[in-house]
């Protein structure tokens, strides 16, 4: 709609108390900014935690940024004990996508990016298999093959960190079939989003479609979540389901599941790149 | 969550321009109010129309109301050429429900109201048939039977106006099978919400399920909308659909449709009573 | 559509092998019957288990029933090692509904039954609380209050068995908040359907909406299943979900959940009463 | 599941009368076939039209085909005044896809085909623009650019018929932005499936997302249908919708719509290629 130049997103979190919305909007108005959208949520108006996402237009944003940051710190953050971040929408997040052999999640991200649906730059695709190299390069994106075998995991992760360091703001696991080590997660310095092929917390771990078949569920699902050290336990960003029947075998569940997986992951990545997803303990707020 | 005492909703609409959010939140803060939620929408940041719904807590709201209204008028409305309304959530809207013979929409509203899901007072149920009298009175709600025949339509509407005048803030047509005259709509002095048994604008007019069957659609739906003089053309509040198949006959479509109708109408009434629905020409903004 | 008189449903299950469909349809044709619908499923054409539901019209069904049963046994069951049952649709299943204090599932069943949507007779409603007595009796259905305290559980179940014995073909737990003993399940002599207020197998046990809130899921669900001795592990009949957000507290999740629960339970009961649900180990086939 | 060799699909349609299912299954059993699935539908058991899809395994199908066809004609078709067709699943349908400039429907078909989800051979892609040539050829599929201008429409259609004649069993219009002439439809000799970017019959014609925005609907949809001479009036195969809000502009509706379009078209094409879609006047039966 509006050109993305001169548009900023301010994300804040602080203990709830009266006057936060007024103070934030006044600070933005004083700076010459015009609020486009504003979303807020409080876990409890009395004694809870307050979250707000404010999108505003401010002519000359890039030049004025130091002044804007100072005003936020001095007039808002200090007063309200606020954690905050400011994002210039003209600088899209730089993203690395990790994949293995299955293509549905990866292709959906590459294709949506190409048609302008995802506000991000894809810096690279990294895979432990060479199979998808040609598909990726067709989109003009660098592809790096980093083999991962049980014996070379540490070496592979060192290679990953070398590729990622300073180059990315987000890592997306698009059906990447390797578990990341706690050490990697600590060092990577960027949030990591994973797509799990079940409706978490049901069917954690491997083989969820077989488990779903055995249990006789009538819907299967997928879950996009931030990766933490606790496998399949990270904060959930988005989930969806599709109806199945007794007549669907595991192969068919897997095909249906692929449709849900790609849709859910693409939405989660889009929302993250739009700074809509705020982490709150083991959960998320999605504005 | 919070007790509804001392909570107000301010609904505003005005030409968009910078500073509205800041001015509104400052005015509320100056009055001693604390914003709980705030939603806004602009049809176009440059030259469009701006809409905002602000829910705030203000101790002693009832006593302070004249002062609050004056502040809004003087500090906001005059400056921004604003249309506005202020709602005290401790005074729920008074609602009249019109029904005929089918019970699904009516019962869903009565039952949700009884269990505390709908923030409204049901002042009365009016019907052109006596069939549902006992059902209604079981809920402790007054039931008025006003027969409507082609020859007595004018008389019936006069009776309706007599019942409604000064008593209701909203009229809900819960599958009321009579068309209201333009004269009635002009005189009733309250918005009227209708449930139409199709996914408008498909299948306007009578017999939508038969039409849906003939056309072979794979989904059927329902639409809750404000009633205007243009039949089935009023602003849409809410819609939903359900999947059907070739094997469903018209009777079965009607049964499936009933489930969608009651869900859609109940949501629309709830949202209206929470002042979430703002009219904008032939459309609505639903916060 | 067709009058339900003279319409039978034949449910069969046997090891899969060629010729079953032909044999069944020939037997029915020889008896003078006309197949209306026929559904079948094989877990594996080679060495799997075969299931079929056949609905057929046979003039004079009631009088011819012994002859029909003999033909099925001799021409089909003996040959294919078949388990089978024959249901005359003019004799609806007799159902007991167990409830506690919450009314949403119970009322939805009573409304749908009154409207003619559920092909069953409601023999009685049994509750461990007196709260819903008046609601139930308004529908002309017997209500029995059988208190259940930790010390009197055995006595209460003896009373239940006395009420149910010979009187019902199905027991429906419509948010009945007591766990049935293995002894009761063994003696009741009728299938028992329960509605669980989560998307099983997620959030088994008590308090699923609180657990869902804590885990931060983006959809909540409900599951109708047959009750077995393994709590929350019985074969699933139907499931559905509804989208929720971070802004919904546990009370709101509970309200949304109630809508899903009543819809899922009503569908499961309808399908069971239409003999559409076939048990297969820990899963179901739903035709 | 089972290898597709030796598996046939028999599609029949005839006036309903007793004994059809038995006769069909007996004929198949006599030929040595084993029924895998069987679906049937009658518009009315008394005097209606009967439809059946039977999938069966018959060892040596290819060699036995003439004998099978003779048996069907003599034992079934003549007796029941049946229209029928027999399909060998080892011979997938040959498909031509027509596209213009937008890629979402086309790519989804190509991806799913490559992944083995669609039981068809893609013979060619035809477009009135050259834009998608490279994308298509990456998949190893022939791409033909046939420009279509108002003055050369007849010439273009002649070229189309030349390309298609004898080469395809199905034509899929994957957002092909040209109207096919009645003469073309008459001569093409294969069914044509189109994806319309609205929930038909709402918003027929051009610009449906703008119309949807203007009307203020809360859901938008897409419809896959067989093409007939009556524009946007052909028998509907599949439809779906997605929820939208007042905040979505026409560009955003178009993006959401693209997701629904590609999902709906891919399902319709899959079902057609599996011989699940039977035409019945202006509607379809989808088994």
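Going by the order they are written in, the chains are A, B, C and D; count residues from 1 in each one.
Just so we're on the same page, a contact is a pair of C-beta atoms (placed from the backbone, for glycine too) under 8 Å apart; a residue touches a chain by one contact, two chains touch by 3 or more.
Since we're looking at a predicted model, the values are computed, not measured.
Chemist: Report which interface contains more C-beta contacts, comparing B-C against A-B.
Modeler: Between B-C and A-B, the larger count of C-beta pairs in contact belongs to A-B.
Chemist: Looking only at residue numbers at the chain C/chain D interface, is the share used by both copies over half or under half? Answer same or different.
Modeler: Comparing the two copies, chain C and chain D contact each other through largely the same residue numbers, since over half are shared.
Chemist: From the options B-D, B-C or A-C, choose the one that repeats interface A-D, i.e. more than half of its residue-numbered contact pairs are shared.
Modeler: Residue-number overlap above half with A-D among B-D, B-C or A-C: B-C.
Chemist: Using CA atom averages as chain centres, what separation in Å is found between chain A and chain C?
Modeler: Roughly 42 Å separates the two chain centres.
Chemist: Please report how many Å separate the Cα centroid of chain A from that of chain B, as a whole number.
Modeler: One centre to the other, that is 37 Å.
Chemist: Please list all residues of chain A that touch 2 or more other chains.
Modeler: In chain A, the residues touching two or more other chains are 1.
Chemist: Touching residues of chain D toward chain A in the complex: what are they?
Modeler: Interface residues on chain D, with respect to chain A: 1, 103-104, 107, 111, 115, 117, 138, 249, 251, 255, 259, 263.
Chemist: Can you list the chain A residues touching chain C in their complex?
Modeler: For this pair, the touching residues of chain A are 41, 199-203, 214-219, 221, 235-241, 245-247, 280, 282-286.
Chemist: Which positions of chain C touch chain D when the two form their complex?
Modeler: 1-2, 17-22, 25-26, 28-29, 33-42, 44-46, 57
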